[in-house]
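Naming follows writing order (A, B and C), and every chain is counted from residue 1.
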Amino acid sequence: MSITDSFVAVGVYAVLALLMAITPLVLARLVAPHNPGTEKNRAYECGVVETGDPWGQLRVQFYLYALAFLVFDVEALFLYPWAVVFKDAGLAGLIEVVVFIGLLVLAWLYAVRMRALTWE
Amino acid sequence: MGVIEGLFTGGKEFVMQVAAAWLPAPLLVLLSAALSAVALLAFAAVTFMYLTWLERKVAGRFQDRYGPNRVGPFGLLQPIADGLKFVMKEDIIPVGADRVVHELAPVLAVTPVLMLFLVLPFGRGMTGADLNVGVLFFLGVSAVQSPVVIAAGMGARSKYSVLGSMRAAAQILSYEIPMVLAVLSVVMAAGTMSTNSIVEAQARDGWYVLTPWGAFGMLVFLLAATAESNRHPFDMAEAESELVAGFHTEYSGFKFGLFQMAEFLGGFASCGLAATLFLGGWLGPAFLPTWGVFMIKTYALFFVLMWFRATLPRFRIDQLMAFAWLLLFPLSLLVILSSALWHFLALAPALVASLVLLGGGYWVLSGVLWREFERSSGPRDVTGVR
Amino acid sequence: MFADLGFVLAAIVTLAGGVIAVGARNLYRSVLGLMLSLTGVAGLFLVQRAEFLAVVQVLVFVGGVSVLIVFALILVEREGAAMETGVNPGLVPVAAIVAVILSGSVIYAVVRSPLGAAPPAAVQSRDIGEALLNRYLVPFEAVSLLLLAALVGALLIAREKRN
């Protein structure tokens, strides 16, 4: 199929998938009982009355993981166009990419030494 | 066998020919897209239902008991009973939760996972939409689950939900990179990102799993994909004994059902992609229809995932993250290097070099990982809250 | 015909996302609006037949940057107060003037530019690959260096927060 056709397929599929997800929810809204009560509507904490702020203070570690993801993900995506022409690019192309990956291995080593990627 | 083989493509051809007589051209394109979409979505829905049945049966048998067998013969009507139950449960939204987000999150969770089925080559000529960037589309849509999971946790205003969703999101991100890199090695060998073309490349070159880089690559991919769907043994974020049910604690009824759907179908779609990339997709003996071959391979891989669930203990959160960043990520880089060597060197030196590289690499990295776990053993804060 | 329809849809999604991102009271809803907007941009890339870019957009921005922003928001928040945001009524006239000037300049530039109206030929990943390795080799390697610097810098800053 032509490129446009495949994009149209993506669009149509997305819309139908959304509909498929929403329909049972709408159905449930019509069919299910609705009896709100204080005990039921509380957040669940194993039966104890909840204490403390639900947001809490989260660790920097999560942010570091997202950061590392971003850097290495962009690297990986830069490698994809190379991968498609890899065979034609030959040894020269391979060396260029090894340099590219090498710099990022350095980045990874640094992150590991800084204990940025391990959960303390 | 020609009839069975072409059952779906033939059926669609027939409908399109009938419609061509009285529909204008643009509407025909829409109709074609809609037919494929409806078929794929129906398949996804039925697959989800029977995957839950299969999972319970298989888990039961692994534990030396029958799975569900009361509702219908062999418990085959169990999923229908479960579905009805979900629809009829009361929808409880905790006080203080963001109403809009609570309604949206399950829908946002399940829609990307359904999109995954669009690029899987179910058989010869049976890809929903054979995009030129098919595998990257798959990976991109998987990555979208990360912020959605956070939305789900936020929509519930409960410490467990928020914490579970943060961990699940971090987990998805951490395992996304090895997955992207493992797929890269296949794209290198096949020279294309289109899923169907990768299958056809394997018709020429042989299944990629039969090469050293392919075997390791498939291992990395399968482990990373299991972690992406939050399946056991990587299901820390939703483990009952740890966080009640993590980010989907406060969702009842069909909303919970939608989260389950996202998890199961995510695992299934990943098995489908692994079968496509490494096991030759729909390539198989001539006496089986191509879509049958694809199903067999995908279910075989899903069986392996169920086997993991029945056999292995759960990873702790710090072990989870270390496994992704200290082992799978560098190993996937070695897989890429090995895939490159495989193309440039002749068979024998390539085989030796690859085995040294990958085996040695695995040995070194697991040593590093082991030392890391030894070092961090002892009392430590694992809850993620200061 | 589909290109036009697709463009309109993608543009609506992008703009709706933008409006939600700017107008929502709750910061977390703003992030959701941002995600919608970024997905709309991916749709715009698709309309231009730049498939690779569209998918990269979804993977990096919706999958990565959105999560980064959310984590940053949560880390910075104090007692749930930071999640609420509002509009300062005194600034509305100034904002309106700035908005008119900015959008006027952009519209003027676009209308007067030599860019064609029809979508360009599809850009193949092969072409991008060949370009990266030949014509744009130095920028390609420079990107790697840039990523290294970014990671090191960010880790140095974050390390102080941890200790």
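What to note about this one:
Convention: a contact is a pair of C-beta atoms (placed from the backbone, for glycine too) under 8 Å apart; a residue touches a chain by one contact, two chains touch by 3 or more.
Model, not experiment: these values are computed from the prediction.
Each of A-C and A-B has its own count of C-beta contacts, and the greater count is at A-B. Compare each chain's C-alpha centroid with the centroid of every protein C-alpha atom shown, and the nearest one belongs to A.
Averaged C-alpha coordinates put the centre of subunit B at 27 Å from the centre of subunit C. Averaged C-alpha coordinates give centres for subunit A and subunit C that are 16 Å from one another.
Inter-chain spacing, taken between the CA centroids of subunit A and subunit B, is 13 Å. Shown for subunit C are the residues in touch with two or more other chains, namely 2, 51-52, 56, 59, 63-64, 67, 71, 74, 122, 125. Counting only residues that touch two or more partner chains, subunit B has 29, 131-132, 136, 143, 166, 169, 173, 176, 193.
For subunit A, residues touching at least two other chains, in rising order: 3-4, 7-8, 10-11, 54-55, 58, 61-62, 66, 68-69, 73, 77, 80, 83-86, 101, 111, 120. Contact residues of subunit A toward subunit B in the complex are 1, 3-14, 16-18, 20-22, 24-25, 27-29, 31-36, 40-46, 50, 52, 54-59, 61-62, 65-66, 68-69, 72-73, 76-77, 79-80, 83-87, 91, 94, 98, 101, 105, 108, 111-112, 117-120.
By the touch rule above, subunit B contacts subunit C in their complex via residues 26, 29, 98, 100-101, 104, 131-133, 136-137, 139-141, 143-144, 146-147, 150-151, 154, 166, 169, 173, 176, 193. Residue ranges of subunit A in contact with subunit C, taken from their complex: 3-4, 7-8, 10-11, 53-55, 58, 60-64, 66-71, 73-75, 77-78, 80-86, 88-89, 92-93, 96-97, 99-101, 103-104, 106-107, 110-111, 114, 116, 120. Residues of subunit B touching subunit A in their complex: 29-30, 32-34, 36-38, 40-41, 45, 86-96, 103, 106-107, 110-111, 114-115, 118, 128-132, 136, 143, 156-163, 166, 169-170, 173-174, 176-177, 180-181, 184, 187-188, 191-193, 244, 249-250, 253-255, 257-258, 317-318, 321-322, 325-326, 329-330, 333, 336-337, 340, 343-344, 372, 376, 380-382, 384-386.
Taken in their complex, subunit C has these residues touching subunit A: 2-3, 6, 9, 46, 49, 51-52, 56, 59-60, 63-65, 67-68, 71-72, 74-75, 77, 79-80, 83, 122, 125-126, 128-133, 137, 140-141, 143-145, 147-148, 150-152, 154-155, 158-159, 161-162.
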